[in-house]
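Same chain, two partners: chain A is paired with chain B first, then with chain C.
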Partner chain A sequence: MVKKNWWKILSLLLLIYTVVAGFLMKVPDLPIIHQSIRNLFFHVCMWFGMMILFIISFVYSMKYLRGFNLRNDIIAQQFAAVGTFFGILGYTTGAIWANYTWITDQSQSLGSVLKEPKLIGAAIALLIYGEYFVLRGSFNDIDKKARISAVYNIFAFAMLFPSIWIIPRLVGSLHPGAPGSDTGNPALNAQKDLDATMRMVFYPAVIGWTLVGVWLANLRIRIQLIKDKSLINE
Partner chain B sequence: MTKRIFALLKKDILLEFRQKHTFYGILLYIASTIFVLYLSMDKPDASVWNGLFWVIQLFICVNAVAKSFLQESRGRMLYFYSIASPIEFVIAKILYNIVLMIFMSLISLFLFFMFLENPVSDSLRFMLIVILGGASISIVFTLMSAIAAKANQNAALIAILGFPVILPMLLMLIRLSKSAFGEIFKAGAVLQLAGLIAGLDVLVLAMAIILFPYLWKD
Partner chain C sequence: MNKILSRLLLIVVSLLSSNLLFAQGADSFDETMRGSGKIYVVVAICLTILIGLFIYLFLVDRKISRLEKEGK
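Up next, the complex of A and B:
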């Protein structure tokens, strides 16, 4: 059992480490950000996890179109669902973070601060993936649903790049990694922006959260496979 | 291959000329929306003008391009299936929609200039951006229309599917068109942005050509 499930144990251990070390370790005390920098271990990891889950979903959609095996469609769907969930969590943690760091004077509301190119891009990406589920809901025929939504999923993945990688690079923003700050990466540059002790928690946290995402998707896939047992012949 | 693409293209254009009501319908739609804008606001400033223009383009595209796959009946699709390859078919559709959309965009630009004054400082540049924008929007909506045509309640779905997908492109177009309003850009930034939009078009075009064969057969 341990041989097969070692990664689940690993993810659990890594997350315990993330939470404990993330909240207790000494962090550099920067102006404005102060202790809220600890959110980095949660907020940034959500986006890393989302991107990895979407890549897996994309690969399985391509696999579906190559062999029309319904199993691959279920896998693609569930990974996209968990990826979207991670995206929503990433957006929420970011909004909470922005609430404490970006609002500089009392008259500013959270709504006005959140009108940032980076956040708009992320919201667009999540909307595009939201469409994927709307599209899935609009079919009666299972094979047709699987095929058309696989096509859409590939397209959605392609549109992810302009919305979260390209547009945020073009315009100024309060978010780290805006054109003026010369970091290159649209969100953060782990080599330059983080000090060594933070990196020691950050990388395990990314792996831990991603593994939890895969675990979640894995459970959902298994439930769906049992539900659709009669449809899949292997 | 090119011969068949042109035959399909010619068929679409001929069809448009024979069934003039849809074509005039869209023209009337453009004229009436812009006339409503003219009545409701007399002289919008440049950024409002720009925003309104692209929103109108979006709605024109939903009306003009969305029907491209919905109008084909099942039997006719089967006939196309037997005479042409899916790649030829989708290229012909995209070309036709680009031509249609650029035409509609230019008409609406003309009407905007006529009714809502002209805050654009570099009209020729804005016209080029409009042509690029019309082509980009129509490529995306052709693919979305092909996807939506396969679903139930497809007419409602096209709008829902298309809007989030078009947003990144529309944001870049609005940003690019600010250069024609006299906003100063960094050296080379305008060309870079235009190149980016064109690159995105090529990406969507490639996606359409790769993915359409899977959408086609039932």
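Up next, the complex of A and C:
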């Protein structure tokens, strides 16, 4: 039993470490961000987790299209669902963080924050994934549903990269990591701002949160497999 | 599964016990939990929520395992 479930316990231990070290460690004092840099262990990890879950979903969609095994379709669907959930959490936490760093301390107008390319891009990516579930719901034929939504999932994954990674870097953004942010918002420069001690918490935090996502998806997949048992012949 | 839960409990207790060692004597514990920043209180609350959520997840996991066995 423990042999099979070791990664669940590992995720708990990593997150206990994240919370304890994330709140108590000394952090570099950056302008504007100050102590809120600790959000790196929570807000940023949501997006990392989302990316990894979407990659898994994408791989299973391709596996489905290779052999048309409905089991792979169920796995792809549930990983996409948990990934979207992580994305919504990342978006919400980002909104809170931006409220206190961009609007309050940097006196950006609400208008310039609403025009923020990273926010719009992330919203587009999440809406595309939302459409995946709408699409799934609109079919009666199970095989057709699985086939078309698998193709759509591959498209959604391909759209993820321009909308959240490429475009915000091209047009400049208030978000750390963008070229325009050097003057306004301090960027998370891996060499300068993200010092070695922060990385020692950040990477375990990413692994911990991702494992929680995998666990949630695992539970959802098993429920769906019990529900659809009559459809899947193994 | 009970084995896992008991081991988990052991890990949590051992983690907490190191905390108690760190806070020897009432004075220093007062400094940690009642100091000006009170950040340790936030840590304690977040850990409680985190551990509570994980126990809940384990229970749901066990329930699904039982359903899987029934179906076979």
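Methods note: the second predicted complex is superposed on the first by the 210 of 234 C-alpha atoms of A that agree within 3 Å, B and C clash if a C-alpha of one lies under 4 Å from a C-alpha of the other, contacts with A are read in each partner's own complex, and residues count from 1 in each chain.
In this section, contacts are C-beta pairs under 8 Å (C-beta built on N, C-alpha and C of every residue); 3 or more make two chains touch, one makes a residue touch a chain.
Note that this is a predicted model, so its numbers are computed, not measured.
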Original post:
Clash or fit: how do chain B and chain C relate after the overlay on chain A?
Top reply: fit
Subject >> Partner chain in contact with A:121 - chain B first, chain C second, else both or neither >> reply: first
**OP:** Using the touch definition from the top, say if A:12 reaches chain B (first), chain C (second), both or neither.
**Re:** second
**OP:** Going by the touch definition up top, name the partner, chain B or chain C, that contacts more of chain A.
**Re:** B
**OP:** Based on the superposed arrangement, let me know which partner A:2 touches: chain B (first), chain C (second), both, or neither?
**Re:** second
Original post:
Looking at the overlay, does A:158 come into contact with chain B only (first), chain C only (second), both, or neither?
Top reply: first
Original post:
Where does A:65 make contact in the superposed view: on chain B (first), on chain C (second), on both, or on neither?
Top reply: first
Original post:
Is A:33 contacted by the first partner chain B, the second partner chain C, both or neither?
Top reply: neither
Original post:
In Å, how small is the closest CA gap from chain B to chain C once the two complexes are overlaid?
Top reply: 32
**OP:** Go through chain A and flag every residue that touches chain B in one model and chain C in the other.
**Re:** none
Subject >> Residue ranges of chain A touching chain C (in the complex, touch as defined) >> reply: 1-2, 5, 8-9, 12-13, 15-16, 19-20, 23-24, 215-216, 219, 222-223, 226, 229
Original post:
Hey, which residues of chain C end up touching chain A in the complex?
Top reply: 1, 3-4, 7-8, 11, 15, 39-40, 42-43, 46-47, 50-51, 54, 57-58, 60-61, 64, 67-68, 71
Original post:
Hey, which residues of chain A end up touching chain B in the complex?
Top reply: 65, 120-121, 124, 127-128, 130-131, 134-135, 138-140, 144, 147-148, 150-152, 154-156, 158-159, 162-163, 166-167, 170-171
Subject >> Interface residues, chain B side, partner chain A - complex >> reply: 143, 147, 150-153, 157, 160-161, 164-165, 167-169, 171-172, 175, 193, 196, 200, 203-204, 207, 211, 214-215, 218
